[in-house]
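The following pair of complexes shares a single chain, subunit A, combined with subunit B in the former and subunit C in the latter.
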Partner chain A sequence: MRDATVIGGGPSGLAAAVWLAEKGYDVAVVEVMGELGGMLTQCIHDGFGTRVFGEALSGPEFSERLVKKARLLGLRTFLNTYVKEVRIGKEFKEVVAVSPAGVQRLQTRVIVYAIGCRERNGFEIRLGGARPAGVYTAGMVQRLVNLYGVLPGRRIVIMGGGDVGMIVARHLHLEGVESILMVFPEAGFAGLPRNVQQCILDFGIPFRPRTVVKKVIGKERVEGVVLTRVDEKWNPVEGTEEFHACDTVVLALGLVPYTGELKLGVRMDPATRGPEVNEFFETSVQGVFAVGNLVQVFDYVDDAFETACIAARGVEKYLNSGLKTAPIRLSPGENVRMLTPQRVEWVDDADVPVFLRPAVEKANVRIVVRNREGRVLGGFFKRYVRPSTLERIEVPRSMLSNLQEVSIDIAED
Partner chain B sequence: MFTLDDKVASVLKKYPYNISFRVRDNIVFLQGEVDSHMEWVEIGLSIGRIRGVEGVVNKITWRGASGKEAREEWRRRVFEEKRNAVVGEYDVVIIGGGVVGAALARELSKYELKTALLEKSTDIAAGTTKANNGMIHAGVEPSRGTLKRMLNVRGNAMYGKLAEELGFRFNRLGSLWLVTPRTLASYRKYLPGLLYNLVLKHVFPWVVKIKGLVNGVRSIKIIRGRRIFELEPFATRDAVAAVYIPSTAVVDPYEVAVALAENAEANGVEIHLETEAVGFIKDGSVIRGVVTNKGVFLCRYVVNSAGLYADEVAALAGSEEYTIHPRKGVLLVFHRDTGVFTRHCLAEIILPQDPYTKGGGINPTVHGNVLWGPTAVEVPDKEDTSVTREEIEHVLNKYSGIVPGFPRDKVIRYFAGVRAATFTEDFVIRPAKWVRNLLHVAGIQSPGLAASPAIAEYAVEKLRGMGLRLKPKTGFNPRRRPMPRAADMSLEELEEKIRMDPAWGRIVCTCEFVSEAEIVEAVRRGAKTLDAVKRRTRAGMGECQGSFCTLETALILSRETGVPLDMLLKEEGRLFNGYVRGEQP
Partner chain C sequence: MQRIELLCTRCPRGCLLRVTATGSRVAVEGNECPVGEKHGAEEALNPRRTVSTTVRIIGARLPRLPVRTSEPVLKNRVRDVVAALKNIAVEAPVKAGQVILKNVADTGVDIIAERDMERA
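Right after this comes the complex of A and B.
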């Protein structure tokens, strides 16, 4: 029986597996695609790994480093292998996976889920109009262009002003499409400032804030979209409808944890839309961990990588029968949209890293940890917070001792 | 005695327009101009309701109506180009490959005949059929004297055997029509106090039951109280009674149509896709050949099952006896997780029916999803399958009273289909009045899917009546090998499959658990486009709606068909647009 089976061979899964393998644990990685690397294989732009490797790498370079390590360690990998079922037994767990080699039944003491996130599609935002050829998610377009050299179309409208949308816009621009227009309902781009500069402004790609696609027009193929301006509450402003001719609509509507593939009854957090985890990224099912973008969508691969390393330490503790105490619940307070972990329960000395997404854009604030009565336990000064940038604080365990519930909010300094 | 002319004239008097009409063989031709499309519909319907009218050809125009000149011009041009290029000679040519055309093809394949099925799209079932909710109605609703009534109950009864022979999924789960205080709220003023509840609980369900029994629907039960919630634990507690109709069933509409077509083809019917009728070669009142973009199909009999375009085909053939008024229906698809909330086809009876969203309800699918809808909205454009945010909200609001705890946010997709309604609002299955060898099978709207096996039988009898000789074929094989599915297999079965073909172990669509082998099989069975593969395999129909598997599926489709990735079609339109540097890498 294996010590751990990691489901998902993207950066987070590989990071966890490599960490454990380096420590001598018997680990396997199960990957549904034909190669390791996950979404990074299609992300040919750079900027990955500034914290993990201390340099800005492209996606394939980042994953290649991990893959090399995995190879050196002789990590067992199952490619083209899809996990169909997971059985949780008292003594051990079983991962039932399907691959061209047959049906695999992998017995393991620990499961680490690292299946990442998926893109929100047009139906989730109730995109109206027809459903002709030519409406694709940004990630699919990225894959199509970068790995297969095929363009989705020539005249593009991109919905969404987040990082993925901006990066895809730049790629399409560089690959020579005729026109691009980005539209988004916010007043400004929702992604990282560096991407606004490097992907949009540097190339003069046109964009329209406070604008959404009301409906898609086209019989066989997209022929255009009807755009409409929206107010601060994203309600359409009457009389601003306008037809814009295009042959492709690219949906960059954000990412959500891909929890549809979690085949067991783990508890979910409606805010992160991922599974609830403790400080070592263990889900509500003992010995089942979840890492990376499956837990909550991170801004940088470096963050996702980090969660995998934290989880790997948790796996080690679990395998060595580490102790737990009564859980301390962590919940988002004012001005915090979501946070991870949702509970702290292991006996450990290390500080607890808490990842949280601000709900506001503000300068000079303090991230405040409070007990149930609202008494301040500690605070962390931040020069500037914004929803597009995930914040991380290290909460000392001493701050949490003997508590049951803690909330974390963002207050004026 | 009033003549038909008098009746039509008196109905038209109600409208403030100068509308002229002509009646020929009980077909009413209308001409004139009105302000709006809705008035066009209304006038057509009011003429269609006159007893004795067998068809309404509504040539009234409305302001803003878009012309058909471009399509007509294209047809004329193709007609001239192709009128001498003979494809073959046939006993029967069926125009239109929806579920009705496919059922007809299969029915005709039981006889010694040379039959061709022509479909203008790239796949069978690509029109109205693909956007159906899959319900096999029991037959309670159709009114007296209609063909719908006669063929629905019979069609429903034929489905069990058909499903067994053709290997499509079929679930006779029954339907439950809830009677709640809202059911007769509009009539409350006539039913004071306790009388309302009495009527609601004890009289009204009987009215429904008796209507069903008269139509020939058996085993209808009236249930009250706790029993309702034993059958449907999540149904609204407002329900005071329910009519339980056990013979209602659900199918996957395109699976049915594809299965029928595959079986017809296996029994000798030629299926010609991307083949559109543009005109007819005639000898007096007899059709000698159907001219298409692929050439001429010489034939002895023609069946017009062209759905939304049946009126145009009838006109081209010289027997325009009805006009189709397209009626759109919007459906919402819910995540499979919601399957636990409904065990039957559920509806709340509300009278009088809202004319724009009549009927509809909450229907489980054979795949475990749940559908809400459909709506019913008259649209000017036969291909208007758009869905607006408002329509989605409307459906959500309309049906959420039936199962209050249903997670409304679990919508994973929505779509719309357009029904091919005629103004007489009944099926039109009869020999053409002015062409000797043309059979109309038109106006097939709800419950057309349920009735389709019976429609096919009935239509073949009509053809016999028109002189077609039907000699049973000795080698007819009623069975079709069902589409194998990894999702339906046990691990052991799947293991066995993988041993024979490793492609069974490569899962392409993880949401719906579809393997590469299934996609290859779909292509072998004739799927040429991404949507055709999707309909046959369900790749892309799950939670992520294809954001992961669209490209993978397209790559396999490209490899199997030899069509380059950038030339693949979704349905009719190209998926992508050329290589980044102008050439294939």
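Right after this comes the complex of A and C.
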């Protein structure tokens, strides 16, 4: 029986697996695609790994570093292998997977889920109109262009002003498409300022805030879209409808944890839309961990990587019968949209990194940890917060001792 | 005199910088901190970007090889770099870091492979 089986061979899964293998644990990685690397394989732009490796790498370069380590360690990997079922027993767990070599029954003491996130689709925003060819998600466009050299079309409308949409806009622009228009319901781009400048403003790519696609027009192929202006509450403004000719619609509507492929019942957090985890990224099922974008969608692979390393330490504690105490619940307070981890329960000395998504854009704030009665336990000054940038604080364990519940909010400094 | 507007990319605040450059003298407005002033000056005098794109690869499992400039190139040369790679084709196998094209578009910078690609 193995010590740990990691499901998902992207950066987070590889990071956890490599960490454990380096310590001598018997680990296997199960990957559904034909190669390791996950979504980084198609993210050919640079800027990955500034914290983990101290330099700005491209996505493939970041994952190759992990893949090479995995190879040196002789890490067991199952490629083209789909996890069909997970069984949780008293003595051990079993991952039942379909591989080219037949059905695999992998017995393991620990499971680490690292299956990442998925793209939101047109149905989730009730995109109206016809269903012709030419409607793609942004990730699919990235795959087509960067892996296969196939342009999805010539005249492009991109829905969504987040990081993925901006990065895809730059690639399409440099590939020489005829026209690009970005539309989004917010007043400004939802992504990082870095991407606004380097993907959109650098190239003068046109964009329209407070604008959405009301419907897609076209029989066989997209012929255009009907655009409409929206107000602050994203309600359509009457009389602003306008036809815009295009042959391709790109859905860059954001990412959500890919929980649909979790084959067991774990407690979920409606805010992160991922599984609830403790400070070592263990889910509500003992010995089952969840890391990376499956837990909460991170802005940087460096953050996802860190969660995997934290989880690997937790796996080690679990395998060596580490102790737990009564859980301390962490919940988002005012001006915080979501946070990870949701509870702290292991007996350990290390400070607890907490990742949180601000709900507001504000200068000179304090991220405040409070007890149930609202008394301030500690605070962390931040010069500027905004929803597009995930914040990370390190809560000292001493701050949490003898508590059952704390909340974390963002207050004026 | 040259005027540019840009978003500072050094922190989440994303200040809108207005930079006026006269020769080598630069004035930055709109920055909330000294980091922004330095960033604005750099962007006015010497704006550089790493260019990532793909080239055709023959004999590999995939038809495209991701490549990038080995160092950032001047921002106004980005298009030339991409154009210079339009008709380039390489043959598998390729190793990550391998030089695909020397001194691309006379920028003094090389194009390197972002990943290994074996012969299929």
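As a working rule, the second predicted complex is superposed on the first by the 413 of 413 C-alpha atoms of A that agree within 3 Å, B and C clash if a C-alpha of one lies under 4 Å from a C-alpha of the other, contacts with A are read in each partner's own complex, and residues count from 1 in each chain.
In this section, contacts are C-beta pairs under 8 Å (C-beta built on N, C-alpha and C of every residue); 3 or more make two chains touch, one makes a residue touch a chain.
Since this is a predicted model, take the numbers as computed values, not measurements.
> Please tell me, clash or fit, for subunit B and subunit C sharing subunit A in the overlay.
By the criteria stated at the top, subunit C and subunit B fit after superposition, with no clash.
> Please work out whether A:Arg131 is in contact with subunit B alone, subunit C alone, both, or neither, and reply first, second, both or neither.
First partner only, subunit B.
> If we overlay the two complexes on their shared chain A, which of subunit B and subunit C does A:Thr307 touch? Say first, second, both or neither.
A:Thr307 sits against neither subunit B nor subunit C.
> Classify the contacts of A:Asn335 with the two partner chains as first (subunit B alone), second (subunit C alone), both, or neither.
neither
> Classify the contacts of A:Gln198 with the two partner chains as first (subunit B alone), second (subunit C alone), both, or neither.
In the superposition, A:Gln198 contacts subunit C only.
> Of the two partner chains, subunit B (first) and subunit C (second), which one does A:Gly102 touch, if any: first, second, both, or neither?
first
> For the superposed three-chain arrangement, provide the angle subunit B-subunit A-subunit C between C-alpha centres, rounded in steps of 10 degrees.
That angle rounds to 110 degrees.
> Could you tell me if A:Gly260 is touching subunit B, subunit C, both of them or neither one (first, second, both, neither)?
Only subunit B; A:Gly260 stays clear of subunit C.
> Who does A:Asn278 touch here: subunit B (first), subunit C (second), both, or neither?
neither
> Going by the contact rule set out at the top, does A:Thr228 touch subunit B (first), subunit C (second), both, or neither?
Neither: A:Thr228 stays clear of subunit B and subunit C.
> When the two structures are overlaid on chain A, which partner does A:Tyr148 contact: first (subunit B), second (subunit C), both, or neither?
Both partners, subunit B and subunit C.
> Under the stated touch criterion, name the partner, subunit B or subunit C, that contacts more residues in subunit A.
Touched residues of subunit A are more numerous for B.
> For the superposed arrangement, tell me the lowest C-alpha distance between subunit B and subunit C in Å.
So the smallest C-alpha to C-alpha spacing between these two chains is 5 Å.
> Identify the overlap between the subunit B-contacting and the subunit C-contacting residues of subunit A.
Common interface on subunit A, subunit B vs subunit C: 145, 148-149, 175.
> Show me the residue ranges of subunit A that touch subunit C in the complex, using the header's touch definition.
Result: residues 34, 44-46, 56, 58-61, 64, 145-149, 171, 174-175, 192-194, 196-198, 201-202, 363, 383-386, 388-389 of subunit A touch subunit C.
> Using the touch definition up top, name the residues of subunit C that touch subunit A in the complex.
Answer in residue numbers: 6-9, 11-14, 32-33, 49-54, 56, 61-64, 66, 68, 75, 78-79, 82, 96, 114-116.
> Could you list, by residue number, the parts of subunit B that touch subunit A in their complex?
On the subunit B side, the touching residues are 383, 385-389, 392, 411-415, 486, 491, 494-495, 498-499, 502-507, 510-511, 513, 515, 542-548, 550-551, 555, 565-566, 569-581, 584-585.
> Which residues, counting only subunit A, touch subunit B once they are in their complex?
32, 80, 82, 84, 96, 98-103, 118-119, 121, 123, 126, 128-134, 136-137, 139-140, 143-145, 148-154, 175-176, 215, 218-221, 247-248, 258, 260-261
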